[in-house]
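Listed below are the structures to be examined.
Each of the next two complexes has subunit A plus one other chain: subunit B in the first, subunit C in the second.
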Partner chain A sequence: MAQVLPVRLGAAEDTLIAQLNSVGATAAAERITVAGLPTRRVESYHYTDLKMLLKTVPPLAEPANQASAPALRVAGAYQLMIANGVIQSSTTAPAGVMVGDAQGSALSTRDDVLVHLNGALAKQSLTLTLEGSVDPVIQVDRRIEGAAAHVADSLKIFVADNASAVILETFSGSDAAHVGNHATYLAVGKNAMVTHITVDLSGKATSHFATNEYDLDEGAKLRTLTIHAGAALSRSQVFARFAGQGAHGDFTGLNLVEDGQHNDITIDIRHAVAHTTSQEMYKQIARGRSKAVFQGKIVVERDAQKVDAKMMMQGLMLSDEAEILSKPELEIYADDVVCGHGSTCGELDEESMFYLMSRGLPQAEAETMLVRGFIEEVLDPIEDEALHEALVGIVDGWLLGA
Partner chain B sequence: MADYDHIPTLKENIDRATVDSVLSLDVDKYKYGFESAIESDMAPKGLSEDTVRFISAKKQEPEWMLEWRLDAYRRFLTLTEPNWAKVHYPQIDLQDMYYYAAPKSTPAPTSLDEVDPALLEMYEKLGIPLREREILAGVERPNVAVDAVMDSVSVVTTFREELSKVGIIFCSMSEAIREYPELVRKYLATVVPVTDNYYATLNSAVFTDGSFVYIPKGVRCPMELSTYFRINEKKTGQFERTLIIAEADSYVSYLEGCTAPSRAESQLHAAVVELVAMDNAEIKYSTVQNWYPGDKDGNGGIYNFVTKRGDCRGANSKISWTQVETGAAITWKYPSCILRGDGSRGEFYSIAISNGYQQVDSGTKMIHLGKNTSSRIISKGIAAGFSDNTYRGQVSAHARAKNARNFTQCDSLLIGDKCGAHTVPYIESRNGSAVFEHEATTSKISDDQMFYCQQRGLNEEEAVALIVNGFVRDVLQHLPMEFMVETQKLIAISLEGSVG
Partner chain C sequence: MTTPILEIRNLHARIEDREILKGVNLIIPPGEVHAVMGRNGSGKSTLSYVLAGKADYEITEGEVLLDGENLLEMDPAERAAAGLFLAFQYPIEIPGVATMTFLKAAINAQRKARGEAEMSTPDFMRAVKTAGTDLQIDTAMLKRPLNVGFSGGEKKRAEVLQMALLQPKMCILDETDSGLDIDALQVVSKGVNALRSAGRSMLIITHYQRLLNYIVPDVVHVFSDGKIVESGDKDLALQLEAKGYADFDGAAA
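Entry: the complex of A and B
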C-alpha cells in the first residue's frame, strides 16, 4: 500500500558511513545507509532520538599524545588505561589478575546501532581474567584526549568460578565534542561475586555511549552501578543474561542530569533459566532544562519458572523545565514467577523541607540533605570504603555544582 | 434457550440460571458465532479513490465530506503501518476486502415494522432489545437506547424521540452528517486528527457508520445510550466512527458492544471514537468487546485496531473509560484522555482477557495539559492458553500541567505456562509539581487459593473463574449494572479450557 520512503541521511550519518567504509565495514555502513540512525519510532530509542540529537560526528581518533589528570582517583586501586581506543601499558598486575588484549570488539552481534558501530570500529579489546579473590579495586580509566574525536574502545572481563572482584570504569577526557562508543563484556563464572561500577565523567561537550553486556553463570552474584554525571548526551545500555540457576543480580544506577543534558539509561535484563532473581533500582535527578531517561525491561523467558524480579525507578525533579521520562517494562512468558515494577516521580517533599528549614537549615542545605538521602540507597551497598567515598564525592560535586 | 429435557434430574434447589450458564458453556464457547443470511449491498472490492467516492455517494454526503475523505485517503497513501505493538499477524491485504456492506432494503425504515425481520431476528439472537415497546414493558431492565450498526450501516436507533424531548441528539453518524453538518464539522477529527495514525487515517477515508451523540448544556441523559456493532458479511472491514459531545454541565453514559460470526479468515475492524467534554461535563464510556476471537488453533478472528480518545476540553470535566476485552484475534486499542481543561479528570478501567492464540496490546494514554488534572488507571490483564497480553500505557504531564496527579496500577495474571503477560508503561514527567505513581505486578493463581476453593467443592475451572472474578473486581464495579452480570459470565466463558 503505502510506499516506503527512503531515509534522509544527515551529516552525522554521512560521516559514520564514510568512517565505516574506510575501515572496510561495508555491512555496517549499508545498515546505516538503509535505516539511518534510530529515531523515536524505534522503540528502544523512543526517548533518545539519535537522528535528532547526534548532529555531527568528529573524525576517527588518533592515538593520544598527552593525558589529562585522572578524573577519579580511588586510594589503593589498580589502574589500567585506554586512551583514544589504544590500550596503555600498566604497572604490574595484582595477584589473580591477568591482563591481555584481543582483536576487535568484545560485544556480541546484537541488533543495535551502537553495538554495530563498536563492533566495526573498535580495533582491540583490553582483556582481564580474574581468578580467586582480587583485593584491590580494579579501575579501567577510559579517556578521549586531544581534539574532538570519534572513539570506539572495548573491554572484555572474565571472572573465573568462585572468584570475587570490584571493577570500576571511569569515562573522561578533554573538553571537546567527542563521540565515545564504549563496550564492556563481563562474564561472571559459577558462584563468583562481582561489583561493576561505571562512572561517566566526560566533558560537557561529549556524546557518551556505553554498552555493557553481562553473562551470569550458576550461582553468580553481580551488582552493577551506572552513574551519569557528565556529557552533553549520553546513553548507557545494560544487557544482562541469566544463564545459570541460582544467579542473582542487583542492577542500580544514578542518572544525574543538569541544564542542557540528555542522559539515558536503558537496561534489558533477561532471565533465561529458572530460579534466578534480580532487583533493579534506578534513581534519576534532573535540574535545569534537561532530560533524564530510563528504559528498563525485565524479560522472563518461557520455562524460566520461579523467577523473582523487581524493578524500581524513582525520579526527583529539581526544576520545572526538567523532564524525567521512564519506561519500565515487563515481558513475561513463564507463569510461576513473581515480577513487579514501580515508578514514581515528583519533587522534594514539602513537609520534609519545612521540617529541616524550621530547624535552621538554609534552603540549599536542606535540599542537599534530602537529595543525599534519596541517593544513598544506591551508593550504600558499595562496601569498599575508599570507593564509596570517591562516589559520594562525585555526587556531592554534582549537587554543589548547581 | 437451554434445553432442560435431556437433563435427567433437575434438582429443585438449583438455580435455573446456573444450569443455563453451564449448558451454554458446554455447547459452544463463542455463542455469537452464527451468520445471518441477510442480503447485502456491497461496494466493489478493494481500496481506491473510487471506493471512497462510492461510500460517500451511498451515504448521500455533502461535497465537503467527500473532499475531507479524499484528503484523508491521499494522506493515508503516504503512511506506513505501525510495528511497535507486541502483536504478530500476516500482512493485511487492504485490496482483498469490501469497504461497504449494507443490508438491502433498508432505505430509512420509518418504523421498526419496516425493518427486515431477518435483521430483527439476528438482534434478538444477540440479546439486543430493539423493540421499544418490549423494553418499556420490561420491569427488571432499565431503559437503554440502542443504535444498532451492522457491517457498514446503522439499521435502527431506538428512543430517539424521547431523547430529543430533552434536546439530546442520538443518531447514526451518516444521519448526523446530513442533518447536523455544523456540529459534525465543528467537532469531527478535533480529538483524533485525520493523520493521527495509520488506521485512524484509513478510517477517516472510508468510515461508514457509527453513532453521534450530542448532549446539550445542563442535560443529564435520562437513560444509557448504547451502540451495538455487528460484522456479518464475509470479507468486509468495519470502519465505525463515533462522536460524542457533552456540553457544559451535562452527563452521559454510553455502552458499546460488538460481536461477529465465526469464520476461518480474519476480518478488520478499524474504528475511531472521539469524545468531547466541556466544562463540568462527564462522559462515561463502557465497552464490552466480544468480537470473534478465532478458533482454538488461532485461525480467523477479528483484527481490532481502534483509536479511541476523549478530550476533556472544559474545566473540571471528566471522562471515564471502562473496557472489558475478551474477543478479537488481535486487539490494538488505547482509549485515551487529553486532560486539557484545568481540574479535569481521566479514568481508565480495563479487563483484558486473552486465551487461545489471541494477542492483546491495549492500554491508555493520559495526557495532562491543564492545571490540577488527575488521572487514574486500573488495568487487569489475564493471559491463558497460547496468548500474549500486553498493557501499554502512557502518562505524561506537560510543563504547564501544574500539580498533575496520576496513579496507575496494572496487574497481570498468567494461567498456564504457554502464554505471556507484558507491561509497557511510558511515564513522562515534564514539570516538577507533577506526581506520578506507577505499580505493576505479574503473578499466577496461587496453589493455596486453588486448594481453598477446590476443597470447598468447586471444580478447577469454577475455582479459576471465581478467583479471576475477584482479581478483576476493582474494574467490574465501574461497569453499568446490566453489563456486570454479562461480563462475569463472559469471563468464565473466555477462560474455559485454559486449565489443565
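Entry: the complex of A and C
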C-alpha cells in the first residue's frame, strides 16, 4: 500500500484554514488541510505555484472607513463600488440598469482553490441586470482599503436578451499587502452584445486573484479584455461557456509584468454547442526580472460541430531576465471544426527600432512607440473613446514608469 | 570654400569579419545631387546604412562629416536631428502606429533635439496636406499604420513625404526606384525634384540608370568592391548603361 505523506502546510495555508473554519466552510478548509495550496504539480497551476508564491495571508477584511480616489476615471461612466467586500451605496442607476445584491458568491462550483475560497468567503454579490441599450460605461470599482486584508468579493451580471453594455471593472486600494479574491459571473443573453474589461491596478504589495465566469446564449457577442498592470502576484482566470448557437467571443488580454512581478492569465473557453466561434488574443510584455504566464485552453465538446476558434499569444521581452511562459491547449471532441493556436515571443525588432530612430525618435521614444503599436491590436476594438483613452493612459503609465 | 554638406574620408566598415567598405571618399557640396551606381553587392546599400548609423556595422577607419559635424559619433536619432535622412529601399512596416502619429512624433522629436518649439497641430496638418497633395497621399492613407499593407509605390511615396516634412540637409535615397512602375516613378521623382534646393544635397543610390532620367544628378560615381572607382557627369550613367560595369571595375559582369 502506498504511503500517503501529509502535506507540509505553510503560514498562508494555516491562515486560510483558520479563516475558512471561522466562517463554517469546513469542507473547503479540509481540502486545503489535505492538499495544501496548488503547486506546480497541479497542471492548471504549473507556472504559478501558489504554495511557493503566496507566503502569507492577512486577516479577513473589516469594512472600510474610507476609500481612496478611484484608480481610473472614465468620463461619463456610471460608478459602483465594492470596498473590502462590502457593496457601497450608489447613485441613481441610469436607464436599463438595475442594481441589487445577493447572498454569497456568484461563481458556480468548480474544482479550483480560488473559486473555493471565493465561494466560502464572499458574503454578498453585487448584482446588475442590464436591459436594452445601456448607454454609459458601467464601472465597478473594487477596492481593498486600510491595513493589509484578505478580501473576497463578488459581482453577478445578467445582460438581457438583445441588450448591449460596456462593463469595466477596476481593482485597486491602499498599498498594504492585501490578498484580493474577486469573482465575476456574467451571463450574456440572446443576441446581446457585451464588452467586459477588468483592469488590475492594485499596489505592488497586493496579491490579486480574479475569476471571471461567462455564459453565452444564442447569438450573443462578448468581448473580454483582461489587463494586469498592478499587483506583484496576480492571476486572472477566465472560464467561458458557449451555450447557444451563433454566439461569438473575443477574449483578449494584456499582461504587463515588471521587476519582481509574477502575473498569470489562465483561460478556459468551452464550446458546448455547434456553430459558435471565438478568437483569443493575448499579449504579454515583460521587463526586469519578472514572469508572465498565459495558459489558454479551448475545449470543443462532442456535439459542437462547425466551431471556429483561434487562439494567439504574443510575448514581448524587454529584458533578458524576464520570462514569458505560454501554454496553449486545444481539446477537441467534435470532428468538423476549425481550431488553431499560435504563440510567439521576441524582443523589439531591431530593424523597426533603426527605422524609427533614423527619423529622429530617440531610443526610449522609439521603444515606447513600438510597444504601443504592439498593444494597440487589443485596445483598438474598444470603441468608447473615453474608455479607450483611459486604457491607453494605463498602458502609457506602465511604459513610462520604467 | 563653403563647407560640404557631406564629406566622407577613407571610410572603412565591416560586418563581422567581412570588410564591405574599403576606403570610400566622397564630397557633396551644398545643393548638389550625386548618384552612386554599382552592381548588386558592391556595398552601395551598406554605405547608406553606415551613414544612417545602423548598429550592425563596425567602422574601422575614416571619418564622415555632416555639415562639418562628426557624424559617426552620433546615434541614428541624433543624425536625423542633425539633418540626415535615409529613404529606405524597403521601408519597415510598423503595426499599430498610425502614419500620422508617427510623422508628428518624428517632426517634434527632431525639433526638440534642435531646441526648437513643437509644431502646432494646425501647422502640422497644413504641412502634411501640402506635401501629401503633390505625392498623391490622402488622409485615409495617413490614418493607416505606418507602411503596413502599403503597396511598393505607396511605401516609396510615404518615404518622400517624410523627407518633405522633415526637411533634411542631406537626403540619401537607397534604390528608391526599386518596385516602382513608371507612373509611380514619375510621382516619386517629381516629389524628390521639388525638394532640390541650394541648401540641400542628395545622394541617390541605384543600379539602374532609369531613375537618373527623372532625377538628373550633378555628379555620378561608380561604386565597386567597397569604394568609388570612377566619377563623372551625368553622361557617365549612360556609358554604364551601355557598357555595363565590367569596363569600370575590371571584373566580369
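We take it that the second predicted complex is superposed on the first by the 400 of 402 C-alpha atoms of A that agree within 3 Å, B and C clash if a C-alpha of one lies under 4 Å from a C-alpha of the other, contacts with A are read in each partner's own complex, and residues count from 1 in each chain.
One rule holds in what follows: a contact is a pair of C-beta atoms (placed from the backbone, for glycine too) under 8 Å apart; a residue touches a chain by one contact, two chains touch by 3 or more.
Quick caveat: nothing in here was measured; it's all calculated off a predicted structure.
K.L.:
Check the residue A:Val238 against both partner chains and state whether it touches subunit B (first), subunit C (second), both, or neither.
P.N.:
A:Val238 sits against neither subunit B nor subunit C.
K.L.:
Once chain A of both complexes is superposed, is A:Ile324 in touch with subunit B (first), subunit C (second), both, or neither?
P.N.:
After superposition on chain A, A:Ile324 lies in contact with subunit B alone.
K.L.:
After superposition on the shared chain, which partner residues are touched by A:Glu377: those of subunit B (first), subunit C (second), both, or neither?
P.N.:
Once the two structures are laid over each other on A, A:Glu377 reaches subunit C alone.
K.L.:
Residues of subunit A touched by subunit B versus by subunit C: which partner has the larger set?
P.N.:
Ranking subunit B and subunit C by residues of subunit A touched puts B first.
K.L.:
Based on the superposed arrangement, let me know which partner A:Ile267 touches: subunit B (first), subunit C (second), both, or neither?
P.N.:
The answer is neither, since A:Ile267 touches no partner chain.
K.L.:
Under the stated touch criterion, which partner chain does A:Ile394 make contact with: subunit B (first), subunit C (second), both, or neither?
P.N.:
After superposing on A, A:Ile394 lies clear of both subunit B and subunit C.
K.L.:
Using the touch definition from the top, list the residues of subunit A that touch subunit C in their complex.
P.N.:
Contacts found on subunit A: 349-352, 354-363, 365-366, 369-370, 372-377, 380.
K.L.:
Sort out for me which residues of subunit B touch subunit A in the complex.
P.N.:
47, 76-81, 84, 94, 198, 399, 412, 414-444
K.L.:
Would you pull the subunit A residues touching subunit B in the complex into a rising list?
P.N.:
Contacts found on subunit A: 1-5, 41, 43, 46, 302-303, 305, 315, 317-347.
K.L.:
Which part of subunit C faces subunit A closely enough to touch in the complex?
P.N.:
Counting only subunit C, the residues touching subunit A are 52-55, 75-77, 79-81, 85-86, 88, 91-92, 94-97, 102, 105-107, 109-110, 113, 145, 162, 166.
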